[in-house]
Amino acid sequence: MQILVPGTVVMVDARVNLYKGVNQLKINEVSKIENLSEVDLSNFQRVSPLPLEDMKKKLDAYLNSFSDKDVETITRAVISHFYDKYITYPAAVKIHHEFGSGILHHSLAMADLADDVAKRYPQVDRDLLVAGALMHDIGKTIEYENPLMPAQTVEGKLCGHIAIMYAEFKKIVDELNIKSEVPVLLEHMILAHHGKLEWGSPVLPATREAWLLAQIDLIDSHMMVLDKALAPIKEGEFTPRLWVMDDVSFYKPKKR
Amino acid sequence: MQILVPGTVVMVDARVNLYKGVNQLKINEVSKIENLSEVDLSNFQRVSPLPLEDMKKKLDAYLNSFSDKDVETITRAVISHFYDKYITYPAAVKIHHEFGSGILHHSLAMADLADDVAKRYPQVDRDLLVAGALMHDIGKTIEYENPLMPAQTVEGKLCGHIAIMYAEFKKIVDELNIKSEVPVLLEHMILAHHGKLEWGSPVLPATREAWLLAQIDLIDSHMMVLDKALAPIKEGEFTPRLWVMDDVSFYKPKKR
Amino acid sequence: MQILVPGTVVMVDARVNLYKGVNQLKINEVSKIENLSEVDLSNFQRVSPLPLEDMKKKLDAYLNSFSDKDVETITRAVISHFYDKYITYPAAVKIHHEFGSGILHHSLAMADLADDVAKRYPQVDRDLLVAGALMHDIGKTIEYENPLMPAQTVEGKLCGHIAIMYAEFKKIVDELNIKSEVPVLLEHMILAHHGKLEWGSPVLPATREAWLLAQIDLIDSHMMVLDKALAPIKEGEFTPRLWVMDDVSFYKPKKR
Amino acid sequence: MQILVPGTVVMVDARVNLYKGVNQLKINEVSKIENLSEVDLSNFQRVSPLPLEDMKKKLDAYLNSFSDKDVETITRAVISHFYDKYITYPAAVKIHHEFGSGILHHSLAMADLADDVAKRYPQVDRDLLVAGALMHDIGKTIEYENPLMPAQTVEGKLCGHIAIMYAEFKKIVDELNIKSEVPVLLEHMILAHHGKLEWGSPVLPATREAWLLAQIDLIDSHMMVLDKALAPIKEGEFTPRLWVMDDVSFYKPKKR
Amino acid sequence: MQILVPGTVVMVDARVNLYKGVNQLKINEVSKIENLSEVDLSNFQRVSPLPLEDMKKKLDAYLNSFSDKDVETITRAVISHFYDKYITYPAAVKIHHEFGSGILHHSLAMADLADDVAKRYPQVDRDLLVAGALMHDIGKTIEYENPLMPAQTVEGKLCGHIAIMYAEFKKIVDELNIKSEVPVLLEHMILAHHGKLEWGSPVLPATREAWLLAQIDLIDSHMMVLDKALAPIKEGEFTPRLWVMDDVSFYKPKKR
Amino acid sequence: MQILVPGTVVMVDARVNLYKGVNQLKINEVSKIENLSEVDLSNFQRVSPLPLEDMKKKLDAYLNSFSDKDVETITRAVISHFYDKYITYPAAVKIHHEFGSGILHHSLAMADLADDVAKRYPQVDRDLLVAGALMHDIGKTIEYENPLMPAQTVEGKLCGHIAIMYAEFKKIVDELNIKSEVPVLLEHMILAHHGKLEWGSPVLPATREAWLLAQIDLIDSHMMVLDKALAPIKEGEFTPRLWVMDDVSFYKPKKR
């Protein structure tokens, strides 16, 4: 049937009949689920180990935590604009957080680190850094077409999630009529968050918060890469060379 | 007076009096010209050696030359949106085309090369390439604040003209409701036109036309760099090392 | 038989006999064709899509087009010295223009671009640039042993076509007793035409024409690379990563 | 006098006499202070903004916080071996933490971040990471000769603080007769903490904790670099290019 | 049996019986040889083509050749400390000198070159250079576990033979109570002998002798690489690309 | 007078007169010395510390030492072709061997090292390596115009001494009608002797002898660079950073 294409979720209306002593599945109807938020995706793909409801509460807590009103207004507007996809999409095709709700999982982990760092260094603008952590990867909701079979769209490949996100962000924020520097500071953080031109950021971090966001992104994504690489390795042995970790074989120490 | 700040053009209402046999300038009023398109900028800055009227006619000819309707619709919409600045702004703070109407001068020269190349290689999408040539640097009208004293704005420094242009372009084009791939193909050309990640493009050229646009940009800008570098050099001698030309000293051959 | 080695063309004198109702080929003699210009190579290898006669006429037209007598004298002398191989050899073992008469095809395409660019920039020495385009790859006639099975000779591998060409060029030109700078300017163009030291040029381009020649070479060779890479790809899809194009997957837009 | 050489602290026994109505300083004796821990160095150099006593207490708290006995034994042994210098030396000749007690200040800030990160990622070996933070720069006590005039010794220049520290560490730890992998894991962290071969680490990080230590070192040292670079800059303006931050000019946002 | 593990040498006490006209091996006992110096390793692995006794004599000659007493004292102490392994271990797991007594073979060949160079350049400190040649790779005796199955230990992988050697060297030398600069000069040579930070030296050569040692190491190891790569190649042909020789295919000239 | 231009040697016919008790120089005639080999250049420039006659004898000895007749024939032909300049020219404008007879001095020192290395490694083709050492820099006689004021000619700058030498070498050797591979092997050595494409060799070393020649060139030129850099430095101190030695400050050890 035409609707049985990879990456779709279908509802099957069927009945099990006993026919000559053998169970038989009789399909009445197969219908495509158009809106993926209606189904529990964890039945169809690997999902974040954290319960979605817990993550949604944590996100709310962060949204309520801002003291800078412009930061709050913008972050609420942007996240609500992408909300359904933001809470369900994976953060990557492969490499790290390549599971359902991966963007949300990764964004919250980065917000946690952002909060920690801001407590240690009062000179950091905490609200900017946390907002950057929450929003930096939202572009991936546009870059990928289908959360069940994450693959870059043509637009995603030709323009990249950094530029796509920046343009979407700007469109939403321009309508909010914010007077302060907050929009341009957040736009800079989004554009610079890969940390290096060779990694696809069109500008290098040029504010304290943009520089920290790139570092925090590195830490959280690499922790996930190491989790995955070390899982199948025995204690006292090395992983294969990890391309994403400077081509180094990582060691799994013996339990003590 | 407060209005006499660098980068402004002022109208001076004054009278020359003869006082004890000496000419004396008596100023009645100094008023700031708010709209720079009302004045002939060539009185205040170095401008393109090509007459502005000729360039405007050539631009019109190119706008009339498209056979692809989507390309035409988009290019007209984008250029008219930025028109006043597009025809007066310099293309750079320094390095190349750093004179009044530099963007227009540089864009038309690139359109000429684009047209030539497309004639030689019929497999090239001529309309896309010419449109890319005309629009690729429009972001500089936003990146710079004042055409008389070109300096990057804070937004220009933090986001760069490539991303700024891309977002503006997308906003304008999204409203045109184009169905074809033309918008994303042009967006890719704008994003990729620096040709290398290290030079600030967030994606590498991945279409024939995007790759050619980057090459054509290189040729026209470097011709201008060489004009400037070779002008003060005697025949049979070398320029100083030119940073922008791989740090090479260029030779000025003897006239034959 | 000893003469049936790969890369040779042989003349077979044979007769078809009917023997017991079956056609039978009776070979009388097999003789090696020593001079490949006696045969129509298009029977044995992929050749340029352009008819050889047309290309030869176009070459003549370019040779007649020079106003600089030194450029003309040198170009005629060099091309006539290599003529037979120049009009039949492929331009590469693989990658681009890897077909019969590939050097001629590629050289003329570059001369066309050179002519175009020189018309747009009167400060360019058109004759030098066109002559450079015609002669820059002649060294490949020495670098490769056999046009039917192009493979680098030991000398080609150990010395490279750039140095080989330069030495041959210098030998021919030294005997012409030219007084002007033209010989050294053309020698520089040949040596610098790869554009980068990492790509095997022993010097970087240091004249306007040498720099342009390297750019034009890049454009024509990359157009050919893209033709080949995009040919088997469906519209709306991407090529595999192209090593020669910065390892990028190129997109083939949908027909509009 | 011979003892009045730069970088020494001297005790001056003098008396102020009134001589013909003018105060006169009569010096009886000048003696060199051999042991710098006897004097309050903050009288002679810029010191950490944090009170030394507070830092010492915090250090004690960290030493008491280890649950891994091998980590604790080693860290106590190593720090007590270098104690006097560890609590007074600067962390660098220039660039960052170039003030009295800079090593201690920087090590504790890194231990704080290490603690934070380990709380967020339970898969991190917290004790190893904190111990690495406390000890990674102890080699600088040997690399520099004089805390008042920090300059690398000949040994410091020829061998570098990473190798020097590693050898000292190994000597101390070898005598502790530890059976577990802890010594080699800490040695690896010390050797790899610069994070890149080009930055003088002889091995790349190959354990989760070694990788994190290098990231945390980057964050704390760069926060200090930015503090210093941004201090003299007006809001809304950019620093000069910062060599240590990828040659980027950093922006100081306007207060909101 | 448990003792029959790869990399061990065992003594087999067996008898050949004739049983029903067929030879039969009857094993009485298999016992592991604990001390590998008791057996002739050339029975079990590829060994240096030079007789071990000759190499030992040559080593003695070099040890007797020093006129600088500090150099002699240190070199004798260090070599005797590692003697058994020094004369039997391979110099590498693969790439070069990967055979029994490879460290000794390679060290003596380098000492020969060192001696030659010092004769040509009297400004070279010959004793330092020869001592560096003899000792630079001793760390490999610790980096590898088993000379019959050379594989890096966990410590070897995590710390590298350069740092390991440096620490061992320092420990031995510190006890000799040498007053001159010789220890630090030799330590620098050991640390810098890879010649580049990217190749794992934590410091770059900063003395004449350290720079020469790195060059001499390059020459001897690359001669061995070429011997191995060219051996199976016919005259007049090329090797495959050699990763260790800048990825170049080397030519084997025809015999003349 | 017109002939008193920098870089010329003039013969002055003058007389010292006593005039009013003061010595006065009366010049009768100033005539330019056209052939610099007529004069003792050591009166006018810094020359090699080795007596020219000794170097000439050593050169003769090397020319007589070849057992390979083709190598001998070629080397004699090439050196005699350039003889006058070969024995008087400096090897560089600056950096190393920048004194009279510098090419000869440097070539002989390299031949010495070549001879040493070939004795240690019998697999080396000694005659090729020594011949390469003697001839590799002969191109500098053409690259520089005037040995007293060494400066690159326009041809030297545009083509480089490697390509120039190769072409000259080929022209001379082609007339010798050598049948063996020796010419192409020597041509490869000349082209590859800089050892890296980034250093201006159009091909990388691909024979054992070409690779060794590049190493030997590095050693002899760097010994000279260090001599010059260390000369003004006190024992126990460091040179400034040496650009040519990877930007490292070199240490001058204390005399022992």
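Labels for the chains are A, B, C, D, E and F, by order of writing; each one numbers its residues from 1.
As a working rule, contacts are C-beta pairs under 8 Å (C-beta built on N, C-alpha and C of every residue); 3 or more make two chains touch, one makes a residue touch a chain.
The model shown is predicted, which means the values in this text are computed figures rather than measured ones.
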{"item": "Any chain that touches chain B and chain A", "value": "C, D"}
{"item": "Between chain C and chain E, the fewest steps along chains that touch one another", "value": "1"}
{"item": "Contact-richer chain pair [B-C vs D-F]", "value": "B-C"}
{"item": "Pair in C-E, C-F or A-E that repeats A-B, with over half of contact pairs matching by residue number", "value": "C-F"}
{"item": "Most widely separated chain from chain D, with each centre as the mean of CA atoms", "value": "C"}
{"item": "Chain copies touching (chain A, chain D) - same or different residues, decided at half shared", "value": "same"}
{"item": "Chain of greatest Cα-centre distance to chain A", "value": "F"}
{"item": "Relative orientation of copies chain C and chain F, as a Cα rotation angle in degrees, nearest 5", "value": "180"}
{"item": "Centroid distance [mean C-alpha coordinates] between chain D and chain B, Å", "value": "51"}
{"item": "Whole-Å separation of chain centres (CA-atom averages), chain D against chain E", "value": "38"}
{"item": "Distance between the centres, which are taken as Cα means, of chain D and chain C, whole angstrom", "value": "63"}
{"item": "Geometric centre distance via CA averages, chain F-chain E, whole Å", "value": "37"}
{"item": "Multi-chain contact sites of chain C, meaning residues that touch two or more partners", "value": "154, 157-158, 181, 185, 206-207, 238, 249, 251"}
{"item": "Each pair of chains that touches, named by its two labels", "value": "A-B, A-C, A-D, A-E, B-C, B-D, B-F, C-E, C-F, D-E, D-F, E-F"}
{"item": "Interface residues, chain F side, partner chain D - complex", "value": "236, 238, 249, 251"}
{"item": "Chain A partner contacts - residues on chain B that touch it in the complex", "value": "154-155, 157-160, 162-163, 166-167, 170-171, 174, 181, 184-185, 187-188, 191, 197-203, 206-207"}
{"item": "Chain F partner contacts - residues on chain E that touch it in the complex", "value": "68, 70, 109, 112-113, 116-117, 120-121, 123-125, 180-182, 185, 196, 204-208, 211-212, 215, 218-219, 222-223, 226-227, 230, 238, 245-246, 248-251, 253-254, 256"}
{"item": "Parts of chain E lying in touch with chain A, wherever the complex brings them together", "value": "154, 157-158"}
